[in-house]
Each structure stands twice: as structure tokens, then as C-alpha cells.
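Quick heads-up: structures coming right below.
Below, chain A partners chain B and then partners chain C, in two separate complexes.
This part shows the complex of A and B:
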């Protein structure tokens, strides 16, 4: 099978972007990626658009057609398909694009992820985010996604002896890294006390344990065309991309604080890439909630992850850098865009263009995008060579 | 606003906790399922309805401060996952109790309560909530 490369990457700033509409965000990111790849719209064979809830946030479905239209490529009749997998939509679009190019049907494709979340009040946004849960047997009875994450946290403490202060480290790490990223939603540094003393969202989780409501878009150009790869300034190989799923509802799983799909997709991504986990230099994971961040790292690295959290080994200048972008918590979480931005961050890091948060000598980066709390899990490994 | 059948078709499950049992492996499911996720196609024609006792104990819980629009008047409210006596884990509220009375392992039972209303003219939706045993 032929090799598939990321030859271009682009992103908007993430945050509360009052001046920008969904279509403006998407085309800004797309054009940046295209320019970065040094190619033209005519060179694109297909577009995969990731968007979680455009229909509810801005009354817009068929979002991929809109992205293509406002990126000026409609006259070319390029196939443009929206991919939705809850908050894993971005990772899922990358996976579909990777498979399409790998298969040989397409040579060069664009992946764009976008979400415009702040055009509705935050209570409405929370309802829409809850749309990824089981509407009849979770949300109906009053469950929010944060309340489910809180119950995961409480049970995890009970089962494993993990402490509240352990998973509260994840937002602290995220804000430290996010402060060094100019496209971050938040650029302030926080302390563990800030996390613990903030207002509760759902006990024991506070507002600092949860990723924000953000606007933003990110895009990639993916290709197997030898000439385009050669012409690209710094092509990076997608060594693997794969996904796994679990029961939609937490209450149907054997254990609510184990993410079996995460274990499976991260493991098979390593196998497909022919790598041991020790060869991964950076992990970009889906820290929609602090506790979800810790459990993902436990699924990837084993119980050792708890000690590593305590010992500060997840910082950009330590042994196992996690969420060097700022993660969803600090860089922002515009649902459909978040998984695509993870790949943009991998590109910046592997090119050595990550500024003050640069991880030294990084060669392989694992990006993990998740829908719900471990329902959909998409993992890709991006590396040099 | 939703049409009546959306809620009406679930009423025996939400009012009396009627689940489904797979006769192949004898596992009881709640919420009800059309297929058994273990026996899969072998469970076709082998799923029968069975009512739960409504009794169980707290598996995990939380106090919700930032609730859904529909539940705004109730915050802070307690959401929990209850391990039912018959095995299934069920997500629902615990009511008529202080958070300090609740911990993992606390015994509860299901009670029929009003869960949601869709505005002034919409349907009043009932279902189970849990109370201390």
C-alpha cells in the first residue's frame, strides 16, 4: 500500500470569535492549508468536512457543501462529504480522507473541521453537546455530559484510589502549554487551586475541569501524489489512522471508568504504524474533561500514567509530553475542528515550528480524538520520514 | 415539541421499568434492547420483556450545578447510576434526599415521577427517579 502524507495544514484562532461566521472560519482554515501545501484548488480530488452539530448551532446541515462553496471550489464539482461522529468528527474525517487516498481512488484531498458554537447562549450549547449522549435513556432523565464525566471521576476515585488532585493536573498542564500557543482560546496559566476552587459544573468537576465552548476551524491537505509530496516544504507521513467504538451509553459498559475503545484504537494505531508506545514522543489527547484525559493516558500507558501525572511528566519539556497545543481545555474545543487541530499541532511540532512550546526531537506524535466519553475513539500517528 | 408516540411507546419501560431478557444467555437488559449484544443474531426471537424490581444501589453519583435547560429549576440536583438488583446499570436522578445522605452503595428504589414538560402546552413526561430505600 502506498504512503499518505500531510502536505499542508492551517487553522484559525480558536475562541469566542464574534466577527466570524461558520463559512468564514472554514474557508480561512482551508485556504491556509492550501497555501501551506503550495497547491491550488484544482489539485483537490475530494473534501471531507468534519462538523458535529451545525444543524443545531447555526441551523446549517450539508456543511461540507457549504465549506466547498465558500472556499471557491464549487465550479470544480469536487465531492464534499460531511463526517459526523460526535466530538470525534475531526478525527473521523481525517481517517476517511486517509483511507480514500490510501485506496488509490483519490490522490489529494482536503480535510476541514469547523464548529461555530457561540451563536447560541451557553445553556443551549450545553444542550447541543448533550446531543451526543443517549437522548432517551441519559439526557431524558437530566444527565449532561459533564454529569457523566463527574460520575466517571467519582467511580474512578473509588475503584483505583486516584485522587481529585491527580486529574486536576490535566487542566493545569493544558493551560501552561496553551499559554505558549498563539491560536489558543485561553492563554492564561492556572494553578491546581484554581481548578479545585472554581464553581462546580457537576461535583467534583468544576468549570476548569471542562473544555470551553469555542468557535474555530482547522484544515489539512493529504496526498499520495509523489510530485506534490516532493514540492511540499515539509511533508509528514500518516503512519496509521484507525478507530474503535464502545456502547453509546456509559451505563451499558462493564465498567464506566475504563475506555475500552480508546485502549483498542490506540493499540491498533501503534500496531499499524509498526511502533511501540515508547517510540511516541508526543500525545495529543481528547481532554474534554480532566478525568477523561487521565483515563485516556491510563489506557495508552497503563496505571503508570497516574504516577506520571503526579510527577509532572506530561509537560512539554518532560519525558511524555501531553497536549502540548494546550489541548481542548486551553486551546479550545470547537467540536468538529478539535480533532483536525490535533493533526495541525502534530505538523507544527514535527516541523519544528511550535515556538516556545516546541518538543525537542519529536519524530512520532499520537493524536487521539474521542466522541462522548469513550464512545467513539479515533487515533492517528503522524511522523517524520 | 415532539409528537405523543415518541413518549407513549416508551411508557411501560419508563413507568414500570420493563426491560428485556435474552433467553439464550439469561441476561436482563435495561434500557430494553431488540438484540442481545452478547448473543447477537442468536438472540433474534429470544428477547422477552421482564419487569425489574426497581431496587438497587448507588454505583456512582454527582450533584449537577450546571444542568440542562429543562432541569434549570431543580439545580442543584443529584444524578446517579444505579446498579439494579437484577444487574443492569441505570442512569437517573435521586430525589427527596440530601447529597450528604448519598454515597456509593446507598440502597435506593425507583419511584414514578414527573421528569420533563415541553412548555405550557406540551406533553408532561413521566418516568422513574430514585428515592432512598
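This part shows the complex of A and C:
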């Protein structure tokens, strides 16, 4: 089958963007991606829009149609499909776009992810985030995503001997990297004590263990059109894109602190790309909670990940750079956009355009986007040929 | 030029500590004390409301001055907790204070800056010659829903400012900055206000307070060091401290007017009660920058210089702000909710 490339990427800043609406964010990112690809809107055959909960955040469903409208392409009558898979919506949209182009159905498609979260108070936003859980068996009984993540953390400490200080490293690493990224929600460097001493969200997790509520949008142009790929300044190949799922409710799983879907999707992404994990130079993972970050790295690298966390091997200038963008924790977590931004970061790194956080000689980057706590797992590997 | 002829404040004696509220809601009190810089707040007694608080503040102001009540031609009361939805507080005050009946009066509302809006109106009437003296009051018994962040800050207090031609503190200029910024609101019939969480910070409080302060200093060709005191609206202790720092004011310029850490946010009186505390110790020649903020949103800035007539003011005739701050009666949470009508009573 033919190869599929990312030929353009664009993003807004992430953060509390009080002056920008959902549609403004989406069109800003989309236009930046088009300009980056050096093509016109007329060159797009289809649009996949990732959005987790526009209906609840800003009373807007049909988000993909809205994006097409405000990008000025509605009169082309191209298909504009919204993809929703909780906070894995962005990764899932990329997967669908990849499959559509790979299959030959379309030549060039746009992938956009957008979320406008700060138009509602934070307690309402947290309720909406809880929509990714099982409404009858989890949220009905008062569970929030943070409280389940806290249970996962305690269980993981009990099962593996992991210490509180170990997974508290993930936000520290994220903020270090995020401080070097101009589109980050947070650009401050933090210390491990800041994480441990912050107010609890759900014990043992503090506000610094959790990704923020952010606004933002990111977009990609992907194509198999030889002419467009040739014209693009720096096309990057999507070597694989795949997904896996687990039980929706945590209590149905054999073990609440193992993410089977993550293990499966990351493994199959490597197989489809024909790569060993050792060939991956950078990992962009879904650190919605610090503990989730650690468990994902364990699923990808094995138990060794715990030692590597302790030894500081996940920094951008170390052996296994993780979340060099700043991750969801520092770069921000506008749900539907987060997975798409992971691909934008991969593009920046592989082009050598990542500024002071540039990972040297990176050739393959794994991006892993997750819905809920390991419910949906989407992995793509983006690399140079 | 209009000037401040007299001033007076009233703070209810009842107080509740942040720890006492935090204990009920499972919060860490250190986060309130260190994060918001609120240690305690004032609570109105069961028989106190905006009317009684305004009356006490105005009486304290009248006692300090020798002006004839007959010369008072206007009284305006700014509050977001007027006892009646329809029925003015100001008309009852005319009677309670023994003011002449031939007087302009009205109630104002602009979240926390209704008191300063009243000041500006009285200034206009004095400057235009419509009246000789007028009273502007900012007073509130503000509401915070149980368990909400506002419950730590929403407090009670009032300040009355008498403005006329021959006062002891010249108001060199006033300036207002207003935009449609919905950061905090309470709709008709709702018991407690709603707020936009973090939206109340940068795009609301800081944008308006900083802009008003900067424009005022531009118009007056002044710099922070030209002022002996600065006082800002204080929804908590943290915001005004940060605003002062952003503008380049030093701690010693702002500490005397910073009262929210001890008495909470008195809303329509918040900035002017700080101004009142500054006037308690000000001397001739002192220059003050005062900036109020009202959600919704707008800021009123005042550039004030104290003159020689402060010698004639009998400040000792009424209790000063710090004297009132330092005579608390501490409440537990149960008494607090009883006083604030937060428990449902039979026949209620």
C-alpha cells in the first residue's frame, strides 16, 4: 500500500484563551496547517475534526461542519466528519484520516482537533471530562476521572513498589520541556516539592499531577499525492497508526493499574512500522495524570521505565526523551486537540524546528493519545524516510 | 475642585476565621491563607444589613466634621446587597441620619465599585454647583454560597465619604475604565452569585485595575513613587498585592490600605474602606492613588492629595478602621450560618 505523509502542521497557542472562540481556534490552526503545506483549501478531499465535547462546553455539535464552514471550504461540499473518542479524539481522527488516504479513497485530507474548555467554570469542565467514564457504573456513584486516577496510583504503588516521588517526576519533566515551547499553556519550571505540596485533587494526586483545562486547536494536512508531497518543504511519513480499546469501566479490568489497550496499540504500531522500540527516539504520551504517564511508559518499555524515571532518562537531552512538547501537563490539554498537537510536535522535532527543546537526530517519534484511563489508546509513529 | 470633607467606616464586630470555614468543607486552610491571603472575614450580626451599616458609617463620617447637615444635597448608596430589591436604602438613610428632605438620593449597583460610582456622581454635582456637599456610601453584606471559594471572602462593612468644596483631601482627578466582561454576576431572584473562576483574574480584575491605574498616572504625569499610599480593590489579599507589584508600588505604600486579609472583601466598600484606613493616618501633603474594581466590569481611579485642612478634621470623634478591625468577636461556623440565614428555619 502507498505511503502517507504529513505535509503541513499548525497549532494555536494552548491555554486560557479568553478572547478566542471554538471556531476561531479551529480556523486559526487549520489555516496555519494549509499555509505550512503550501496548498489551498480547494486541494482538500475530506476533513476529520476531533472534538471531545463541544456540545457540553459551548453548546456546539457538528463541529467538523463548523470547522469546514469557518475555513471557507463548505462550498466544496467535501465530507467533514467529527471524530469523538474521549480525550483520544485527536489521535483517533489522525488514524481515520491516515486509513482514508492509505486506502486510496482520498488523496489529501485535513485533520483538525479543537476544544474550547474555559467558557464553563472549572467544576463544570471537570464534570464534562467525567463524561468519558461509565455514566452508570462510575460517575453515577460519584467517581471523577481524577478520583479513579488516584485509585490507580495507590494500587500501582501497592503492586509495584513505585513511590509517590517516582510518578511525581512526570509533571516536573513536562514543565521543564513546556518552558521551552512557546505555544505551551504553562512555561514555568517546577520542582518535585511543588508537585508533592500542591493542594490535593484526589489524594495522593495534587493539582500538579493533573493536566490543566485548556483551550486550543491543532491541525495537520496529510497526503499521498506525490506532487504535493514533493512540493512540501519537509514531508514526514506516518509509518503506522493504530488503536486498541479496553473495558470502559475500570472495575471490569483484570487489573486497574495495567493499561492493556496501551500495551496492544503501541506494540502493533511498532510492528506495522517495522520498528523495534529501541528505534523510537522520542515518545509523546498522554500524561493527563502523572501516574498515567508512568504506567504508559511501563507498557511501552517495561518495568525498566520506573528506573528510567528515577534516573532522569526521560528529559529531552537524555536517552529516552518523553513529552518534549511539555506534554498535556505543561503544553496543555484541550481534549480534542491534544492528540493532534502530539503529531504537530513530532513534525517540529523531525524537521529540526523545535528550538531549545530540540532532540538531536530524531528519526522516529511515537505519539500515544489516550481516552479515559487507558480505555482508548491510539498510537502513531511518525518518522523520516 | 471637589474634595473629601469627611469620611467614616463601619465594620461589624463578628468575624470567622478561614480555618473554621475550611474545616467544614474538608479544605486545607493553608491554601486559603497562603493562596488567597485571607485569614478571617467580618460577618454582619443578625440585626445588621446594608442600611444599618451605611447609617453607622455615615454617622462616623458626620461626627468628624463640623458641616451643617442642611448643606448636604445628595446621598447615594452603592451596594449589591440592598435590603430591598425595590425600595431605596438611600431614602431610609435620609430619615435615619436626619438629613434635609430636599435632597437627591438613589441606590447604585455596579458590583464592587458602586460606592466609587456614587463618589464620582457627588463630585460632578459639587463641581457643577448643583449641591454644596453630598454623601457617597459603599456598603455590603455580600453573599457567598456555602462551600464556594467566595465563602472565605464575602464579608460585610461600609464606608461613607462626604464630598464638598472645602474638604481636607483634594480629588485631583477621577477616571473610569469600563468593558463588558462577565466575570461575576447574580441574576434576579438568585440567592448566591456565580463567578467565572479563573476568568475573574487576568481578563477581569487585573486588566481593569492595571489599565485604570496606568491611565490615571499617564494623565497626571505621575509615577508610583509620587504616591505615599496606593489602595486597590481587594477581593482577596493576593490580587491587590500582585496588582501593586505589577504597577511598581512597594509594600509600604499599600500595606495600610490592605484590609481584606483580616476582614474579607466588603465589596462596595472594599477599596474605600482601605482608603478610609489610609485617611486615618494621612497627613497634609500625602498623595494617594485609589483604584476600585467592579465585576462586569469596570474600574474607577482617584488621584487624591491631602491638604492642610486635615488639621480641622476631628478624626478622633469616630473609631478608625484599625480600631474596628482589632475588636473581633469570633464565631464558629454554626453561629455564622445562623447569622447569615443559611439554615432553613420553621416558617421561613
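Note that the second predicted complex is superposed on the first by the 385 of 385 C-alpha atoms of A that agree within 3 Å, B and C clash if a C-alpha of one lies under 4 Å from a C-alpha of the other, contacts with A are read in each partner's own complex, and residues count from 1 in each chain.
Just so we're on the same page, contacts are C-beta pairs under 8 Å (C-beta built on N, C-alpha and C of every residue); 3 or more make two chains touch, one makes a residue touch a chain.
From a predicted model like this one, the values you see are computed outputs, not experimental measurements.
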Which of chain B and chain C A:154 touches, first, second, both or neither: first
Which superposed partner A:165 touches (first chain B, second chain C, both, neither): neither
Which of chain B and chain C A:130 touches, first, second, both or neither: first
A:144 touches, of chain B and chain C: first, second, both or neither? first
Per-residue touch tally on chain A - higher for chain B or for chain C: B
Touching partner for A:199 - first (chain B), second (chain C), both, neither: both
Partner chain(s) touched by A:271 [first = chain B, second = chain C, both, neither]: neither
Common ground on chain A, meaning residues reached by chain C in one complex and by chain B in the other: 123, 199-200
Touching residues on chain C, where the partner in the complex is chain A: 28, 31, 194-199, 202-203
Interface residues, chain B side, partner chain A - complex: 10, 31, 37, 59-72, 74, 76-77, 79-81, 88-93, 99, 104, 115-116, 125, 127, 129
For the chain A and chain C complex, residues of the former touching the latter: 16, 18-19, 118, 121-123, 199-200
Touching residues (chain side chain A, partner chain B) in the complex: 123-124, 126-127, 130, 134, 136-144, 146-148, 150-152, 154-155, 158, 199-205, 247, 249-252, 256
